[in-house]
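Working notes, beginning with the structure itself.
Letters A, B, C, D and E name the chains as they come in the text, with residue numbers starting at 1 for each one.
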Amino acid sequence: MKKSKKHKIGMAPGSLVYMGDITTEKPTLSLIDYCEDHLHEKMIEIADLADIKPDEKNKIWLNLSGIQDPNFISEIGKQFNLHPLVLEDILNTDQRPKVESYGDYLYIVLRNFEFKRSGNLSSRQVSLILGKHFVLTFQEQVTECFEPVCERLRNGRIHIRQAGTDYLAYALIDVIVDQYFSIIEDIGIHCETLEEKLLRKPSPTLLQKIQVLKRESMELRRGVWPTREVINNLIRNDEGFFEASTVLYLRDIYDHAVHVIESLEAVRDLLAGMLDIYLSTISNQLNKEVRALTVVTMMFMPATLISGIFGMNFDKMPLLKDTFGFWIAIGIMALIAIVMGLHFFRMQWLSRRGI
Amino acid sequence: MKKSKKHKIGMAPGSLVYMGDITTEKPTLSLIDYCEDHLHEKMIEIADLADIKPDEKNKIWLNLSGIQDPNFISEIGKQFNLHPLVLEDILNTDQRPKVESYGDYLYIVLRNFEFKRSGNLSSRQVSLILGKHFVLTFQEQVTECFEPVCERLRNGRIHIRQAGTDYLAYALIDVIVDQYFSIIEDIGIHCETLEEKLLRKPSPTLLQKIQVLKRESMELRRGVWPTREVINNLIRNDEGFFEASTVLYLRDIYDHAVHVIESLEAVRDLLAGMLDIYLSTISNQLNKEVRALTVVTMMFMPATLISGIFGMNFDKMPLLKDTFGFWIAIGIMALIAIVMGLHFFRMQWLSRRGI
Amino acid sequence: MKKSKKHKIGMAPGSLVYMGDITTEKPTLSLIDYCEDHLHEKMIEIADLADIKPDEKNKIWLNLSGIQDPNFISEIGKQFNLHPLVLEDILNTDQRPKVESYGDYLYIVLRNFEFKRSGNLSSRQVSLILGKHFVLTFQEQVTECFEPVCERLRNGRIHIRQAGTDYLAYALIDVIVDQYFSIIEDIGIHCETLEEKLLRKPSPTLLQKIQVLKRESMELRRGVWPTREVINNLIRNDEGFFEASTVLYLRDIYDHAVHVIESLEAVRDLLAGMLDIYLSTISNQLNKEVRALTVVTMMFMPATLISGIFGMNFDKMPLLKDTFGFWIAIGIMALIAIVMGLHFFRMQWLSRRGI
Amino acid sequence: MKKSKKHKIGMAPGSLVYMGDITTEKPTLSLIDYCEDHLHEKMIEIADLADIKPDEKNKIWLNLSGIQDPNFISEIGKQFNLHPLVLEDILNTDQRPKVESYGDYLYIVLRNFEFKRSGNLSSRQVSLILGKHFVLTFQEQVTECFEPVCERLRNGRIHIRQAGTDYLAYALIDVIVDQYFSIIEDIGIHCETLEEKLLRKPSPTLLQKIQVLKRESMELRRGVWPTREVINNLIRNDEGFFEASTVLYLRDIYDHAVHVIESLEAVRDLLAGMLDIYLSTISNQLNKEVRALTVVTMMFMPATLISGIFGMNFDKMPLLKDTFGFWIAIGIMALIAIVMGLHFFRMQWLSRRGI
Amino acid sequence: MKKSKKHKIGMAPGSLVYMGDITTEKPTLSLIDYCEDHLHEKMIEIADLADIKPDEKNKIWLNLSGIQDPNFISEIGKQFNLHPLVLEDILNTDQRPKVESYGDYLYIVLRNFEFKRSGNLSSRQVSLILGKHFVLTFQEQVTECFEPVCERLRNGRIHIRQAGTDYLAYALIDVIVDQYFSIIEDIGIHCETLEEKLLRKPSPTLLQKIQVLKRESMELRRGVWPTREVINNLIRNDEGFFEASTVLYLRDIYDHAVHVIESLEAVRDLLAGMLDIYLSTISNQLNKEVRALTVVTMMFMPATLISGIFGMNFDKMPLLKDTFGFWIAIGIMALIAIVMGLHFFRMQWLSRRGI
């Protein structure tokens, strides 16, 4: 359940109140310090924060998983000299992606989406702070998301260890954007499944699922569009946080973000088309229902009239005394039915094709 | 009831005519003068205005609640040397948010929205004037809206007392924008309630409520979009009314405004989806009505024809003399009904699912 | 009736052909010359034009009402040294609002709208030329439109008499824009009347009225949008036709124009919503019609079948010999009808609510 | 029939292949050389091209009507030193309006539209090359289009003869844009005719005509929008091909182009509204059909049931023996019919108004 | 089948993984080196790459068809000193068109579309690298696409051999954009075929085909829009990769791209119109079905009632004893039917025209 923002109205800026769900029992703080030659990786406590001294030879990556405890945030803030507004934003977990410069460091907000097979989209906020010799990351819960980057650091890949913390920041942003592809793929598959079902058997339940997917694709769009803007800002690199060589890599992520956006537009077109098909199928179905009604009425009414005619009580009526009178009447009824049947067949009213 | 603007056509600019509703019996004028060391708070009369001398050590916040009396506005205007157009705008209470520089001071118009549980959105204009050592605020009626800021001033919070009047102006704008979140939340909840009802039992009354909500979300949008522009202007800070440190805080409100706008777009998508669901539910319902009609017709017509056939007055007819003739006829009717029933069951025409 | 532009194809630019309707018997030319100390107002003839000598002490406002006579235009053109294209444009009365600089003077085109209670929107072109010490205005017909400005001049209001002709031009533009508010108000009222009728009793005639209103709001929009641009251009004041103090006043009109545009968008949303309501009301109505048909069919068919069954001519039939046989049959019919009635009541098919 | 562009794939740029229809038997080449004092006009052959020497005293206007012969184009190209891409574009007759500078001359492409009374829109490409002392025009077929300009040249109108070739180019562009007004007028009239028919008697044929008109207004729009851009480019006059005084005239055409675009938008709104009316008329019609069906069913079913009841073969039945029994039964039938008729009348089901 | 991008999440940038389909058995590498005087063309192996020395006198065009083998890419990358991100992008075959500068060379991505008669659109990525004296092209499969350019090189066309590699790059981009025309033409023809079928006999299958075509036109649009941007970037020519004379040619392709985009918009309008026609045809059809039902009901109900009336068992009934009673009854039935028939004929309910 989302927390109401009402009780934050009027609070001083920088008031640290956690707005998200509590999803881990205890926040975990992991520290990697590395340079070309060495890499140390350990879990630390708040008390150990004071010992951290980032410099050229000891580039620091501090990752906090689970941010429900404002104390952690506040202590890290003191150690790295972060602005109260940054700390507040780290705790407000429903922000849209953005990048803000605070002179000594960049504050970057991104969103980590998850799309469950059930058709459920959720997102978690990831905050990233890029300083001269350090990178701080804050995640709402423990995820494996950054593991591939750790692995590349550990494997001693020349480039990632040699390069500055700007390249590390790039690598972290890259894994987040890479995941968008995977989500778009999943949504695409979900869409196609729905479309198949729609063509086989449209139902109001399906319509609701289409609406949910449409809403989720909008939500994803609201997450990805500003991400594109964030990366664009980083590429402009007005304050020189990034090396020229890293900017080439950022340009690569930018490409990916644009690609994701276009795929999303395609999904939206697909869903709009599905809605059209649903509505026209319903209309079409109605035509067939009315036609069935018409056919029934047409087939029975003449016969019913004939039976009524021969049920009249006139003294003098033709055929009544005739031995085969009854069968002649039945025959006329049958004849009319057959002629009509042939007509409907010719009109293709009896076939299931056509509108 | 909104006043007609017709009688203002052709008036000289700066003509002071109050356009809003009269909502308080008597305007109240409250004065806070403060600096780092002291804070004086009192209710004053028009006559006391002449004593106000804002300077570095006596920063002034003058708040007028209830603006129906042009005299008040005109007197304050003289004391603070305000342009006639500013005074006119304070009284024209249906303006869109804007910021205008008059050299010595900034004139800012914002709107204070209120969303009642009944689904009713209303808004009141708030005018804010930011000078070198003073802030003036004008509200249409007495509200608790600025109370949290007073409280922070009274509590002697170091920052708000030390900082200039620009920071006070920021704090006041902040509480107004914070309230937008609360309204969006309420609208969102209202939406979800309507959607639930819609899925359970669509009705034309519901449709009208959706239309009303759509119109209100448009109205809110018309209030929030220019607010975003206002804050953007303040951040650009072309005339240096704001300290660099305060601009960081304005950037934070800007973020909030963008967030509100995006939430509003989401609400709009939600409402558009609800309209689609409503229309397709009606179409679907029609299909079921016609199907019911068809089923009834199909079930009764053959039996009616058979009864008609055996009601004919031919001399020679089969079965009529037969002891069980009647029951055979009834049996045939029943048989046809059962066969049809099975067919409809197989076609799922009797189930309530499917389209 | 609009005149065809066909016969102007290929004419030399500056060919003076009047394109509007002839609405006054005789054009009237009124002249006001004024400065801080004096004001002279008189009706003049073409021959008197040569005597006009605008200077600092004799600011001139020449107003021509009724422009069907190209001679008037051409004479005024000679006297004030106007470009042939300006004269041509004054006579082409279906132009969109614009401002053009010709070095010595600005040529401004605006539109004066009129919305009749019958729901009829019409517009007339107003041309305004602002020179160093003169203002010329050209109206298609005699209107009271500029009367409030005359009044303010006559009353010797200090500001309007002291200020330059730029302020007079502002005052004239202001009354035109002020009238837009009045029109928007009238359209809004017309809209609400239509909506009320729509909810009480939708009809195709109403639909046509909605379409007409939509078209008119588009037309108004096409008039107001460029007006906004015109005022924006005047505010930019690239060629210094306006004093800095007057620019503040232009900014005020700009605000009004934006306000009008937003109100128009709101009207458009309202009309779009009304169309949705109309269409869904029709659909809903159809559902009820079909349901009525179904109810009738369902109520009568079983009884008809029963009467048919007892009308069969079998020798041996139950109940026929029974004294109360007839009443038993009638009773069965009534029973079925009552059971069905209860069922329909429970399903709310007999109530007028629900879809 | 449009020619396929397939066989041009991979050809070298500047390959001269005529893509349009051959509409004249023989291309005609007309030459006007003129200055303030003289004007010579003659039809020439390719061989005469070499004698043309444009200079200050002999301004040249060469017009080619009928461009199917690449030789003509290629010879003119050599004489005036035109770029191969220009020659290619002259022959590719389905280009969108554009202006391109080639240093010594401007290459301008415009489109000449024609709207037939039958509702058929077609367009022809006009290429115009503006050099220092010459203007070249290329038309797909012989038209009277430029005749008014010739006439003004011949009549020795001071301005057009004195002014440079830039003014001649303006005059030619002007007649083309002037024709757009005439086309918009015709389309508007066609629209109104369709709308009238639609309100009297909607039919699928009418719908198709609306669709065609919509498509044509789109096509016109695709022609006019870039024309506006072309003129805007000419006004910017980056390379000084136009005198300052001519730019004022270009600004006039720009105005016209914007006017045409707005009229087109109005036509589009009109057509969209007509589609809405068509669809809602169909829906409405359906309601009336169903209502007619319901009324018939309701009027006959009770009477039919009563006749069935008195047709039952019970021994003991009321009224059967009664002398007036038959008339009583008929009376009951009539009574029910009358009551129903009154009810339907009160419900306005029998009137043709309402939905 | 598209490959999932999931297994690339977290990989280091520049990891060479082929994402497309394997469509050729063996990649083929062809080399053309040329200058004004000579041209050598041969198929080479990876091992031969080291011998390539592009210079002024030996301009190089290396084309790789079939890129499934990362070794090829990686070797070419080493020889021409390409950035790992370029190599990665060459293998990621679903990129949108783009141009990126890497200082020494430009990396251009384009898409080669193919539209099959069956209505199937597919696209292949083409990568093009433009260096000082070399052009590299990478195609997903062996195509004839660049053959016309080879041919022009072989034929010793002066211009293409003299000009630098920038002109060669232009020529290659040109053939790709030229193909778009051909595809648009094919889609247009496909559209018209569908529309014709739609007017003759609308069916849900047709609707699905329209949806598919709409989706494909969107896909094409997503390919062509960025192509336009790419060419626009090349024209801006910020880093001087192109000679001024070649830029004129690029401007020509830009024109083509814009033309393609506009044609696509026209196709989209066409498809939207077809959807409207489909939906209104269904509605119209429904009206006719209901009318048929109404006519049948109306024609038979009165006759049925009359037969029922004369089937009642009253002792005293008129006509029953009459010799011609039966025929009188039949006559009344026929009369009513004829009157109704005439009425329906007058109402045009029996004709197939009208709605």
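To be clear about the criterion, contacts are C-beta pairs under 8 Å (C-beta built on N, C-alpha and C of every residue); 3 or more make two chains touch, one makes a residue touch a chain.
The shown structure was predicted, so the numbers you read here are calculated from the model rather than taken from an experiment.
Common neighbours of subunit D and subunit E, by the contact definition above: there are none. Rounded to whole angstrom, the centroid-to-centroid distance between subunit B and subunit D, based on C-alpha atoms, equals 43 Å. Residue numbers of subunit B whose C-beta contacts span two or more other chains: 281, 283, 286, 290, 293, 297, 304, 308, 311-313, 317.
The cyclic arrangement of chains, read from subunit C in the direction of subunit D, is C, D, E, A, B. Interface residues of subunit A facing subunit E in the complex, by the touch rule stated above, are 147-149, 151-152, 157, 159-160, 174-175, 178-179, 181-182, 185, 199, 248-249, 251-252, 255, 258-259, 262, 265-266, 269-270, 273, 276-277, 280-281, 283-284, 286-287, 290-291, 293-294, 297-298, 301-302, 304-305, 308-309, 311-318, 353-355. Of all the residues in subunit B, the ones that touch subunit C in their complex are 4-6, 8-13, 83, 85, 88-89, 94-96, 98, 100, 102, 201-204, 207-208, 211, 214-215, 218-219, 222, 275, 278-279, 281-283, 285-286, 289-290, 292-293, 296-297, 300, 303-304, 307-308, 310-313, 317, 319-326, 329-330.
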